[in-house]
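Below are two complexes that have chain A in common, paired first with chain B and then with chain C.
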Partner chain A sequence: MRHRWRRHATGLAFTAPALVILAAFLLYPIGYSLWLSLHEWDGYTPRWGAFVGLENYRTLAGDEVFWKATLNSIVFVVVRTPLEVAVGFLLAILLNRRLAARSLLRTLFFVPVVMSLIVVTLIFQRVYEPNTGLLNTLLHGIGLGAWAHAWLGDPVTALPAVIAVSVWKNVGFSLVILLAGLQSLPQDVLDAARVDGAGAWQLILRVITPLMRPILALTALLSIIGGLKVFDLIFIMTRGGPTYSTEVLATMLYREAFEQNHMGVASAIAVILVTLVLSIARLQALVLRESKEAGAA
Partner chain B sequence: MTKASGQRQTRGISRRRMLQLLSAAAPAVLLRPRGAAAQIGGAQPTAKPAPAGELKNPAELTGPKVKASSPTTLSFWQYVGFHVDVQKFIAEEYKRRHDPNLSLEITAYPGLNEQRVGVKSALAAQSPTPDIIAVEPGAYAVDVSTSGSVLDFTKVFAEDPEYKRGFWPNALELLTINGKIWSVPAVTNTVIVYYNRGIFKQHGLEVPETLDDLKKIGATLNGKGVIPVAYPAGQDRNFPLFPYYTYLGGTRADKLMREADLGLKPWTSPELVAGAEFVDMMARSGLYAKGPLGVKEQDAIQLLATGKSAMFWGGQWMRRSIRAALPPGFDLGLFPFPAVAAGGHKPVLSSVGITLTVNARSKHPDLAFEMIKAITGAWGKIEYTRNLGLSPNGPISAEAIAYQMQSLKDPLYPEFLKLQPTGTTRVIFTPSIEEAMTQGMQAIITGQKTPKAVMESVEAVSQKLGARKFRTG
Partner chain C sequence: MSTVVDARAVARSRRVILRRVLVGRGVVWAVLLGAVAVSLAPGLYMVALSLMDNPQLFAGRLVPRPPHPENYPRAWVASNIGRLYWNSIYVSTVSMVLTVAISALAGYGLGRIRFVGRGLVYGLVLVGLTIPVQIALIPLFINLRTLGLINTPLALIGPYTAFGLAFGTYVMTGFFRGLPRELDEAARLDGAGDLQIFARVMLPLTRPALATVAIFVFLQNWNEFLFALTFLTESRMRTLPTGIYALLSSEFYGNYPILAASLVLFSVPVLVLYFLFQQQFIEGLTAGAVKN
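On to the complex of A and B.
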C-alpha cells in the first residue's frame, strides 16, 4: 500500500508542472468564462457586474443572429471537412505513387499551409474582386461571363467563397498527415490484395481506406475542430458580412465582446463553442474506439 | 515623415509651382463664423505667397506647466500606423526643447479593432499603461468615458483657454459626452469624391453640382465602358453608412439622426427613412462599380488608378494610398458629393480623426496631458498636418499654410481645407445602433430588405435599448 502511494506521488510530482500550466492556462480560463457567462459585464471595469443566471443564454436563444452564426459554423464544418479530407486523401494516394516531380508537388501542395493567413486573404480578396478580380476575369475569358459575380459581396456566395479559401489553405495539412499514414500501411497486406487480383479502385476502397480509418478520423477531427473555431479568415475577408451571411460563432463572440461590450453574452458563446468542440471530440473518440473493438473482434 | 525628409521634398517644388499651389489655396479662406451645429471645421485664412527663403512654423511650441522630475516614459497606444512618424517627431521636439526627461513610447496597433481590444483589456486590468489612449469618436469614446476609464479635459481647458480655442468648436462638440470633453482631435478629415480629370476632360464632363448631374455623368461613362464610381463598401463597417450620412448631411437631417441615436426621436421618421431610400437608389443607379460590398479600399483605388473608374468615393485619409497607386501624370481632382436635394447644399462628411485622451489610472496624468497639448496644440497641429496632409484640428494661419505647402507636394491639400467648413458629421454613438445600421445598409445594398424595413429594425433595436446612459454635445 505504502509502495503504491509512493509510486503515485512520484508520478504526480513529475506531472505537477504540466498540470499547473494546464490549470492556469486552460482550466482556469474555461472556468472563468463559464462564470462570466452568468454575469453582466461590459469589460471595462475590473470586476464583473450583476449575476444574471442563465439570462445571457436566454438572450442568445432569442437572437436570430446567434442561430444564423451557429448554422454558418455547422455549414462551414460540414462542407469544409469532407472536402478537405477527401481532396487530401486523393492527393495523398496520388503522391504516394512513383511520379515525376513527386517531391516538388508535395511541397507545392503544402505551401498554402505555411503561408501567412493575411497574405492568403489578401490574395483571395483580389481573386474575388467583382470588377477586375482574377476569377471574374477568367470567367469572362472562357465565355462564362454570365457567371461572374460579387463573390464576397453577395450573401449567397460569400460563405462558399470563404470555405473554398479555407479548403485551399488547409488541404495540404490533411495531405501530409494522410500521406504519412499511407506510408505506414503494412506493405504485405497491400501486396496480398494485389496478388488476389484487386484492381486500383478495389485496393483503395476495400483495403487502403479501411486501414486508414483511424488516420482519416483524426484528420477529420482536426478539421472539424479547426472549422468550428474559424475566426481570422472570416474576420479579415468579410467581417462576418454581408448581412451576417458569413458570421460564425467565433466572429459573433468577438463582436459581442469587443464591439458591443456584452462580455457575458460573449462568454456564453465561448462556453457553447467549447462544449460543442469537446462533444465532437468525445463522440469521435467513442466512434473510433467502437470501430477498433469491432475490428479486433 | 521626418523633418529632414520634409525638407528634401521642398526642393522638388519650384517657386512658380508654389505660387500656383498657394493661389489654389486662396478660396479656402472664406471667412465664416465658426461652423453651425453638426459641422466640423470653420474658416481657414488665406494662404499668402511664400516669401523667398525657407519658412518656419509660425506657431510656438509652448513650454509645459509640469515637467518630469526624473526620466519618464509615457506610453501611447494608437491605431493609425502612418501617424507614428509625425507623433514621434513632435514628441522628440518637445523633449528637446522643453522636457529632456520625458519620452513617448508609441505602440501602433495594426487597426482600430486590435487597439480597442488591447485598451479594453488594459483598462479592465486597471493598468496604468497606456498613459495616452487614441480613441475613435462615437461608440468607443462613449465606452471609455462612461466607464470612468479616462480623464476629461475640464481642468486642462480651464488652465489654458487658448488651447481650447485652437480646436474647431464642433470637433469638440463631437467629443463632448455627458457635458465633458473626454478627448481632443489630432486631425479632422472629410469624405469626398476623387476624380480622374483626364477622363472627365476626354468625355467633356463637368464636376457635378447636383445628384441629377452625377446620374447623367454616370450614364455617359457607363456608355463609354468606364465605371462611374469606385465605392469600397466592403472596406469596413463605416463605409456602408457613408451614403446614408451623405443624404442626411445634404438635407440637414444629421441633427435629427443624432437625436434618434440618443433615443430621443424615432428612426422611422420620414427624413431618416429617406436616407435609407437614397442608399437604395444609389445601389441601383448604375453609378457604383459592381458588387460594392465585395470591393475593398485597395480594389477601389486600383480601379481609379488604372482608369477603369472615373471617380472614387472615399476619405481624405486615403489620399496617400491613392497618390501612391497613381501612375505619373495622373490628374487627380476632388469635389464634394453633389447636392442631394434640389437647392440643397453639398454634403461633406467630416469628422475628427484620431483623438487623444488620458488613462484614468496613468501614473503621470499631468505629463500625459502636456504631451497631448504638444501634439495637438498650436505648433503641433501645424507639424502634424504638414507631414500627413490631413486637415488640422482647428484654424491655422495663412503663414502656417504657406509653411506647410513648402513640403506638401499635393495640390489637393488646400482643396481639402476648402471643404472642411461645409462638413457634416458622420458618427453614431450607440454601438447596437451602429451595428444595426451597418447591417441594415448592407441589406439594402444587396436588395435583401427595403429601406423602410431596415429603419424599422433599427428603431426596434433603439427601443429595446431604452433610455441611453449618455448625452452628447
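On to the complex of A and C.
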C-alpha cells in the first residue's frame, strides 16, 4: 500500500515541472482566450470591457473579411496538401532505389525545410518582384515575357504564389516521411508482385500506393494542420493583401489583436482556429488507429 | 537455322530492354536533378543577390559581376547583426536546455512509472503537440505586459521552453518506454532509487533522443517569428528573424543586396549545423510523425 503511494508520488514528481509549465502556457491561455472571447476589450484599459456573450462570434459571422480569411485558409490547405504529398511521393519513389547519391539528394531536398521562413519569404518576395525579379526575368529569357506578372500584387495570383512557396518549403518534409515509409514496406510482397510480372507503373499504382495509404494519410494530415497554422509566410510576404486576397485566420487574428485592438474578436478567432485544428488532429488519431489495426491484421 | 534467329531475336530484345532501362534511368535522373535545382535555386539566388550592387540587381542579373563582398560588412553593421546573433543564441539555447531537461524528467515519469493521472498528463502533451501556438499569443502578451516582462529575454524563454516541451516529452516518453525492463530491475536490486536509475542508468542511454529533441527545439526557437515580433519591440532586444524583418522598414529598405547579405549571415550557422548533423536534423524534424 505504502509502496504504491510512493510510486504515484514519484511519477508525479518527475512530471511536475512539465505539468506546471504546460498548465501555465497551454491550459491557462486556452481558458483565458475562451473567456476573453466573450468580452469586449481594447487591450489597453486596465480592466476587460463588458461581458458580451457570443457577440464577438456574431460579429465575425457577419464580417466579410472573416469569411474571406476562412475561405483562404481552406483554399491554402486544399491546394497545398495534395501538391505537397503528390510531389513528395513522386520524389520518394524515384529516390527509393539503389542510387549512389540517394542520401546526398535527400539531404539537398531537405534544405528548404531547415531554412527559416523569414529568409524563404524575403527571397521569394524578390523572386516574384515584377520588374527585375527572378521569375519574370526567366520568363522573358525563354520568350514567355507575355506571362510576366505582378505575382504578389494581383489579388488573383497572390494566393497561388504564396501557396507555391509553401509547397516548395515543405515538399522535403513529406518526402522524408514517405521515403521512410517506402523503405519499411514488406519486401517480399514487392518481390512477389515483380515475379508476377507487374511493371513499374502497376507496381506503384496497384501495390505500393495501397500499402502506403496510412502513411500518405498521415503526411496529408500533418500538412493540413501545418497549413491551418500558417502565419509568418503570409504576414511577411503580403500582410494578407492585396485587398485581403491572402488573409488567413492567423493573420486576421494578429491584425484584430495588435492593429485594431479588438482583443475579444481576436480571441474568438483563436478559439475557432484551435477548434478547427483539434478536430482535424482528432481525425488524425482515428486514421492512425485504423492504420495500426490494419498493420496488426 | 532456327537457333540463329533465336539468338538474334534475343540480342534484339536485350537491346530493347537495355535501351528502355537507360531511358528510364535518364528520366529518373532528369526529374531528380530538376527537383534538386528547384530546391536550391532560391538559396543560390539569395547568395548571388547578396554580392551585387543595386544597378546589377535592377538590370535583372543572375551573376554578380563584379562581386561586391563589401555588402557583408555593411550588412553586419546595418542590421547590428552581432547583437541579433547574441540575443538569438541566448534565448534559443537557454530555452532548449530547459526544454530538454524538463522533457527528460517527464519522459522518464511517463514512460517508466505507472502513476495516477499519467494518462491525463500524456493527453495534455498530445494536445500541446498539435495546438496552434496562436492561442497563447494574446493571453501571454497581456500577462507579460502586466508582469513588466515585455522586452526582456524571459518573454521568449518561457513560451519557447513550453512550446518545445510537448514535442520533447512526446519523444522522450517513447524512447524511455522502449528501454528494456531489466535495466531498472537490476538497478533496483542493487538498491538504487528512481532518481539514481534515471540519472545514472537511463539518461546516458537516451543520448540519441536527447539530441533529436535538442536540435528540433533549437531550430524552432532560432526561427520563431510571431512571439518575437509581438513580445519584443525594442531593437536592442530583437532576435535574428525580427531584427531582419525590421530592416524592411529601415533606411535599408530598397537596398536589397544588403538585406540579402543579412539573410545569408542569418542562415549560415543553421545550414552549417545542418550539413554537419544532417541525420539528426532529419530525424529530429520528422520524429513527431515517423515515431508513430
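What we mean here is this: the second predicted complex is superposed on the first by the 257 of 297 C-alpha atoms of A that agree within 3 Å, B and C clash if a C-alpha of one lies under 4 Å from a C-alpha of the other, contacts with A are read in each partner's own complex, and residues count from 1 in each chain.
Definition applied: a residue touches a chain if its C-beta (ideal position, glycine included) is under 8 Å from a C-beta of that chain, and two chains touch if they have at least 3 such contacts.
What you are looking at is a predicted structure, and each value in this text was computed from that prediction instead of being measured.
Chemist: After the chain A overlay, clash or fit between chain B and chain C?
Modeler: When both complexes are placed onto chain A, chain B and chain C end up clashing with one another.
Chemist: Quick one: classify A:Arg126 as touching chain B (first), chain C (second), both or neither.
Modeler: both
Chemist: Going by the contact rule set out at the top, does A:Leu54 touch chain B (first), chain C (second), both, or neither?
Modeler: So A:Leu54 meets neither chain B nor chain C here.
Chemist: Taking the superposition on A as described, I'd like to know which of chain B and chain C A:His149 touches: first, second, both or neither.
Modeler: The first partner, chain B, only.
Chemist: Classify the contacts of A:Gly241 with the two partner chains as first (chain B alone), second (chain C alone), both, or neither.
Modeler: It touches chain B, and chain C stays clear.
Chemist: Applying the document's definition of touching, compare chain B and chain C: which contacts more of chain A?
Modeler: C
Chemist: Should A:Val287 be classified as contacting the first partner (chain B), the second (chain C), both, or neither?
Modeler: After superposition on chain A, A:Val287 lies in contact with neither partner.
Chemist: Between chain B (first) and chain C (second), which does A:Val78 come into contact with in this model arrangement: first, second, both, or neither?
Modeler: neither
Chemist: Touch check for A:Leu222: first (chain B), second (chain C), both, or neither?
Modeler: A:Leu222: touches chain C, not chain B.
Chemist: Quick one: is A:Asn261 in contact with chain B, with chain C, with both, or with neither? Answer first, second, both or neither.
Modeler: Once the two structures are laid over each other on A, A:Asn261 reaches chain B alone.
Chemist: Please indicate which partner A:Thr45 is in contact with in the superposed arrangement: first for chain B, second for chain C, both, or neither.
Modeler: After superposing on A, A:Thr45 lies in contact with chain B but is clear of chain C.
Chemist: Given 117-125, 369-377 or 441-449, which one is the stretch of chain B whose C-alpha atoms run into chain C?
Modeler: The answer is stretch 117-125.
Chemist: Following superposition on chain A, which residues of chain A contact chain B and also contact chain C?
Modeler: 43, 126, 131-132, 258
Chemist: Quick check: in the complex, which residue numbers of chain B touch chain A?
Modeler: 113, 116-117, 120, 123-126, 139, 143-144, 147, 149, 227, 233-234, 236-237, 289-296, 299, 302-303, 306, 308, 431-432, 435, 439, 442-443, 445-446, 448
Chemist: Please give the residue numbers of chain C that touch chain A in the complex, ascending.
Modeler: Against chain A, the touching part of chain C is residues 24, 28, 31-32, 35-36, 38-43, 45-46, 49, 57-60, 62, 102-103, 105-106, 108-110, 113-118, 121, 124-125, 127-128, 130-142, 158-159, 161-163, 165-166, 169, 194, 198, 219, 222-223, 225-226, 230, 240-241, 244-245, 248, 256, 259-260, 263, 266-267, 270-271, 274-275, 278, 281-282, 285-286, 289-290, 292.
Chemist: So in the complex, the part of chain A that touches chain B is made up of which residues?
Modeler: 42-46, 125-126, 128-133, 149-155, 238-239, 241-244, 255, 258-261
Chemist: Residue numbers of chain A touching chain C in their complex, please.
Modeler: 7-15, 17-19, 21-30, 32-33, 36, 43, 87, 90-91, 94-95, 105-120, 122-124, 126-127, 131-132, 134, 137, 168, 171-173, 176-177, 180, 200, 218-219, 222, 225, 228-229, 231-232, 235-236, 250, 253-254, 257-258, 263, 266-267, 270-271, 273-274, 277-278, 281, 284, 288
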